[in-house]
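When the chains are written out, they are named A, B, C and D in that same order, and each has its own residue count from 1.
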């Protein structure tokens, strides 16, 4: 059975990986590391995990990790993965990185939004892990850059209609709303309960680091430069991203056109659920799941197509998509361990 | 002292009117009516009001209302005000209506989104109560149609920049997010705690009844037909609307241009607070207040102007703006009774 | 494979049953009924279930149910199960009822808190489905009365210490706090988002119908009459009950005494997790799980033992415990389908 | 007009003081200090205060404070006030301290739960600022120790019935539930949005520092040693404390007995609101107000009296009570500036 490790297991993305991997029937979770909690039992950090795992957090030591694991997830703040991933690959491990470090092909773009890159030679080798789009490349990859949560919620609804030439790529606006877990487990005034509760606000307006990531993929997929205006907002709830996309129509389209576009594009994709025109996706429906729910509305008066997507930012937006990548790399069914039934409320 | 009555005092807008009027130093609140709770003490319906008011809800009887009040607020579902407002006006009362019944000049528009109109002859006489824009007309009015909550949040940021010709009126998108009190006190599955909590979703996508109201005002103000795409969303919090508006720029503008535009346009307006480019409005900052906070960002890459507004939907979006109208009509300072200090959290 | 039906599948307890049964590897879910939604696809009522189940809600017809299912869960308001359960039993079905109808041995007690009983002859046959206490009886039962959510949270911490004679049964106080889903999916002002949010309050103080249920079991287990003061409160969250119990100590006890008492009593019980004296249970840790977390503190100054329990009211407090009963009745491992890994947040 | 300063104006209690003092018609707020934000405009820290105050936070310099203010509120972590209060008193200022530093008469008790005391000579001079009980002493005081939030919620319901000899003082249990703002604005994992949301838990079970404070006052008021078991819990909401008290009855009492006891004891107290036996207090009803709502239930079966109190922890539990103390000291009506009308939701 494939042995799996999680580097950075105590942040929310790492903890969600642990949740999914503990329930995954096709692998064995063998090692967890944490810079902050090395030596501490995992269930002392997350008491919900009492009786579920007996693993104890360890230091991030490459030898030890390589002894214990065949596949390694890195769930660290950007800049850290690039310091350890080369070693892991060198030892023949497959690596699935949840940070931004291996998402970009072009180090210049990365460096202008993040930091200087220390492992540029790996960027070409790395595969952008948006499973519904890059399934084939993922199958043969040994290094995955898992997409950001916002890009996942923007790219999945947008790519099919952009490729269908329905919409004018100069008109794109993506207005995203995320639950607070997207900001991570680090303490800040913005995520203090009393400041986030009963509050709704945008942040990093048109300057978020996920913006170039989206544009890189859209440009690659359409073959022409695509830019978009992206504004994220913070919602007083734990989990979920809902993105509303506004796009000018090039031509008159019907509901059937749009439905056909999505159904044919995603015909093989078990985690895409298309809602009909009269029912909108809701973050509540995807909580804890790897689904990306899609909805749409044709605004005939203004000649626009409105797209809606909903994901759980910690699952399809992070840990779930990471596990989906692992499944594909290992030749497992891509849904393995990812079909937990959603809560009604 | 002016005697004031509230028709429909037990819905959320009505209750917020009662809150503001009980604390208003320039008037006396003399009568409350409620179809559902006639005969019940107001503080039995809202126990928070124990020791604050001893008023008892009454039936909606025109004679009784006219005996008790000089100014009448109607906070009823649309279609009901038009059945009683003509009588009230006929008896010389001034009426401030919070429904949609007297917002439109053109009965056809009203009828296509609401119902058949029974008091069309009053539409010309009625003034649209957006105080920052129609102050002079309000002063001399005896019938006010208080703007909807969403239109208030869209019109206040948009009118100045549209009138400044900065933006292209064919590119307008307004993405609004509202707390649950906007849906009123009536029971529905959508407002059941367990279904609204930990949920974020759009509704009435590009088909909301506030859409024509916005377009009517924008068209009137700019002198040319304006349409916009409007999508409202439901946020798991009690109060607040935050609207994000996306508009294509006609020309290059600077931060100073936009700041000047707003500051000069709203120089006399005590409830408009302009945030600088690096700090966004937040519904938390306006909770319980009559402020409309404005923010903006120039998205140079995409040649768009992004506008942000935040209001409390029950105050500036309903009861507070209604009281502001009353103040103006009565010749009081427009801030009277509306300067309660906001909560820090 | 055992075929299973859920009668009353669209309330929250029913929906949680559907969630757990859809993920249960040892049975097949074959029929759902709903008085309100007969004829409607289940995923139209709970869109989260899209792609998860294709079942359509049906009328509650005994013949049809008996054709389709070997085990039947009844998740109906009390008074309704007693009208259908006799028929189901007569046809040889095993029935697990989530209402109060089959919890009491003494119809007089039931009738004084609920309604007149129409199936009194079944009360002796029915087994009270508190699995950790009545495992053996459940194994051989064909009719289970699943305990109420509050009683589960009170009985599991209290029975071991009462049987150990540590505490004085005349001193018992149970102060419980429940998430809003405990009030069900029916609409009411108390569960309207705006009224429940930012609110905390008790209800049915010392008069809740779960009070006699607790006392019946405690009396049976200790062999002498036990009464207790029980006060439930409503917490602004979806799921979870936390109960704090105060009990006078008969004698001096040590931390080890209490730990030993629980560990020995629950040594075979996979869903009981004992927290040490310095860490308290939290509803967050049990959300979505069938665990009952227990904690305690000895208040030496006041000679009291304080017990804490936390459960998910919809799982261990309803649907999860119901499935645990089914597992036991069917000879499956009692944890089958109930070990979904908890969310970190 | 009396000039007032707030030392420690940026924590939640300090910010709530600023809110109340900005709206107070009888004083002038002249100086704010903050260790963390000295030099920063107050409305940059709390943007809600834009246009409300132009004050800028200053360093905590005694000379400057004494120049600017006649009355000084100290809203600092315990241990800090005792370093500055002696100087302020020496200069003839009246001081209202919101920490624990001046609540105790006996330094030994303080030191066993907090720290070594540096200003023991002031303890006798200081008055415990529970206004409904110590009104006369407060009138003549120049140093007030404002009660803790939990003690306020426990003492106000308990003192009248204890003094009436209804209840047995050996049986007292107080189960309190507080909103998250009670934990202050300092960052911690316990107050991180994702960890506090959808969570309910007790903390510092029977070991909270407010326990001896309650017992000190109860003992003083009854003339005999009183102890009680006190357990605080954290509720996922911003504001409010609801306390449920369980007390054994010495004798049979009627509803009228209890009502009479409260009404006569609090006949002169404008902030006490007594609810009848069939309606419970709710934190929602007191949000933002200085009210302490009281309710009760006689549990005849178990011969206990159950008392309920609800306050806003930041108002009657901190800043509001502090202002009420100031009003009394200054000979103003005690309600001045404290009668803001509560929100309906």
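Methods note: a contact is a pair of C-beta atoms (placed from the backbone, for glycine too) under 8 Å apart; a residue touches a chain by one contact, two chains touch by 3 or more.
Quantities reported herein were computed from a predicted structural model and do not represent experimental measurements.
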Chain located farthest away, centre of chain D as origin (C-alpha): A
Winner on C-beta contact pairs when A-B is weighed against A-C: A-B
Centroid spacing, where centroids are CA-atom means, of chain A and chain B in whole angstrom: 39
For chain A paired with chain D, centre-to-centre distance based on mean C-alpha positions, whole Å: 46
Distance between the centres, which are taken as Cα means, of chain C and chain A, whole angstrom: 36
Contacts with two or more other chains, residues of chain A listed in rising order: 12, 181, 194, 197-198, 236-239, 282, 284, 287, 345
For the chain C and chain D complex, residues of the former touching the latter: 171, 173, 175, 177, 179, 194-195, 197-203, 205-207, 227-229, 231, 233, 235-240, 242, 244, 246, 280-284, 287, 297, 299, 301-302, 304, 306, 308, 310, 345
Complex contacts: residues of chain C adjacent to chain A: 12, 15-16, 18-20, 22-23, 46-52, 181, 198, 238-239, 270, 273, 275, 279, 282, 284-289, 291, 293, 339-345
Chain C to chain B touching residues, read off their complex: 12, 180-181, 185, 187-189, 191-194, 196-198, 236-238
